[in-house]
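Following are the structures in question.
Look for chain A in each of the two complexes below; its partner is chain B in the first and chain C in the second.
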Partner chain A sequence: MSDSDRLWEVFARRKRADAFEHIGCVEAPNSDLGRVYAWQTYDEAKWFEMIIAPREAFHCVNRAEQPFTLHPSAEALS
Partner chain B sequence: MTGEKYAKASDLPAELRDRLGALVLVLADNKRLLGMRYSDWILGAPALEAGIACSAMAQDEWGHGRILYAMLRDFGEDPGQLEHERSSSEYRNMESLDAPARSWPDLLALNLLLDTALSVQFEAMAESRFEPLHYKVSKLLDEERFHFEHGRGWVARLGGTAAGREAMQRAFVPVWEACLRWFGPPGDAAGLVLCQEAITDRDAAGLRARWLERVGPVLASVGLEFAEADSSGVWRSRVEPDWDGWDPEARRGSEGGPDPDTLARVRGDKNRPLLMD
Partner chain C sequence: MARFTDDELMRKVQEGFIVESEADMTESYKKALITQLTVQGDTELMSAPAYFMAAKDAPSTNTMVSATAIIQDEMGHANIAYRLLEDLGVSRDELLYERPPEKFKNPYGFDQPLENWAELVTANGLYDRAGITLLGDVHRHTSYGPLKRGLVKVGMEENFHLRHGEVWMRRLCEASGEAREMVQKAVDWMFPMGVEWFGMPDEKKHHNAQLDFRLKGMTNDQLRQTWLKAVVPLCDELGIDVPAHVNPDTEEVELEFEFPVQYDPEAKRWLLDEPITWDQVWERWRNRGPMNEQFVDWMRTSRQAVQGVLEA
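== the complex of A and B ==
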């Protein structure tokens, strides 16, 4: 992975009625190549729809680095 | 487009059948050899994903080539002979496909410029009166959309550095000139006949203009000045096509054909004893 590459998460669904499932990721420097690589790499199904998003668009929900506290000052103390 | 549809080649008037058969062979040969050029880079591409993309694009091109060769049976040709028995000078491919792409920018030139030139020709047959082509074009262009975006994505990436731009500039010049010629001179008889009979929806000049409209902005976006838009927004090449030595049958500007190694591979010489059909 070169400095200019980013990770793109790939989601797809087989039928219109299906929910998107996460099927993998690709490394690419821009969305043009991300879309091409995703489509050509994950071609195991006849997808109804495939989408990609840059990894940094996702925000961690439950894996915070600091323990939870209600005391704002506690963060400075830790 | 208007007029009666042609369900098979034998329905076509003789001159039209000859012109269209020649075009299908040109397209088949370019597709087959372009697929080989993509396949040359499945291993050794700059990224794993790029190698996978080359594999997918090679499969697409070979599929398109196979369909086109098979279509020529209806024109009185023997697809087996066309695929396995011809000499180098009998191929109708662009000169840029005679030998392997030596560098990734060389392959990128084939990907963006040459592959798009072929797609522009197919796009002009989306509503063709010749139904066997009309029915194939939509799926073919669905696949080609990703080829174009692959080329555009890599131009953007290499265009981010001076070294990348210089490498593309060098690699793109000969392919640019070959593609610019490939559509044929203004007033090209074959292009006019096919257009007048609504087999295609534009003549040589119209096809070239469409190609410039597709690839010109991609190159200009990274400062590669092969084409520019005039005051009315029409994209024009900075160089004129060179018609010296133009061969209208092969649609190329120099004599020749696939090099010996390419010819042996494209004909399948190694597996000749295994040919069953």
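== the complex of A and C ==
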């Protein structure tokens, strides 16, 4: 990934009433491009809803390790 | 790292333990996983220029759309493997843009030119079947959680590619005449390529970290046999000749040539009566196929062009 890119975790659910599922992640310099890349990359289903959030926004509650590996650039941001 | 020793981790993963982060890994586990993911990413990525080359021959707008959708899927699958590699500290930029072309770990089959629509759909039928066989096994058995989850999308989409390939192979075969001949010609060179895809036979490969660490579940020969059991009956049904048959007693597929054999890349022709050693196969693979450099170059040019504009 280039220096200006951040990591965006992608969550989606197929239909109303479904729980969100973590389906992957994309790299993008901002959330607008992140949304485009996520929608284009994870097009394996007709999602009812898809959301993204920056990786560094996730904080583990009960374990010492983070749920997603923190990229050096993300660590610098937090 | 070093929460476990290699032996402890091997025992744990055989009992169903799922590795979720580097903290659970040993150095050997990480090394085997990086190799596996690099092969996976490179194979998906290099299928794209190979398919693109033949997609230009699509017979209609609709078929062009399906072919390019397949190419997009393959790029997405490559992205999944490379992303997982980045989380293990491997630089994707270095892998994609700085590695010499001959260091890409895609199979020899994707160093070859795909030159017409029949070759594209036969590649979907035979090579995507190889992909499903290999990655389906990884999906079922891998001890690495992030990869198991990432492969859900890959499996769904590869099945669509396979169906595209098989439906079109059937359609061309039913058209008879020249269309059928083109499929036969494509199968003649892609079938032995597919047999070779699964690598060294088990009897020559004694130690396998990927099996020990449960990064896959089946051996090379088991995977090859699974592929053969799908491809040979398909070709039989389509009336396409392949140098292999199902043994009715054992229900196993038996090859009708002494594998591995000599290949002439310029003529795209296998010399089935000229057996060679595995050392010779490795040498051919190391020397790479005719399209290796060009395919890597195609993948790189657009970024160079866009970057030039952005920095101007």
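Everything that follows uses one rule, which is that the second predicted complex is superposed on the first by the 62 of 78 C-alpha atoms of A that agree within 3 Å, B and C clash if a C-alpha of one lies under 4 Å from a C-alpha of the other, contacts with A are read in each partner's own complex, and residues count from 1 in each chain.
Here, a residue touches a chain if its C-beta (ideal position, glycine included) is under 8 Å from a C-beta of that chain, and two chains touch if they have at least 3 such contacts.
Here the structure is a predicted model, which is why all the values come from computation and not from measurement.
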Which of chain B and chain C A:E65 touches, first, second, both or neither: second
Partner chain in contact with A:A57 - chain B first, chain C second, else both or neither: neither
First, second, both or neither for A:L33, with chain B first and chain C second: first
Which of chain B and chain C A:S4 touches, first, second, both or neither: first
Which superposed partner A:A19 touches (first chain B, second chain C, both, neither): neither
Touched partner set for A:T41, first chain B, second chain C, both or neither: both
Chain B/chain C common contact set on chain A: 2, 26-27, 40-41, 43
Residues of chain A touching chain C in the complex: 1-2, 22-27, 40-45, 65, 68-69, 71
Residues of chain A defined as touching chain B within the complex: 2, 4-5, 26-30, 32-33, 35-37, 39-41, 43
Residues of chain C touching chain A in the complex: 21-23, 72, 76, 79-80, 83, 86-88, 92-93, 149-150, 152-153, 156-157
Touching residues (chain side chain B, partner chain A) in the complex: 47-50, 52-53, 55-57, 146, 149-150, 152-154, 156-157, 160
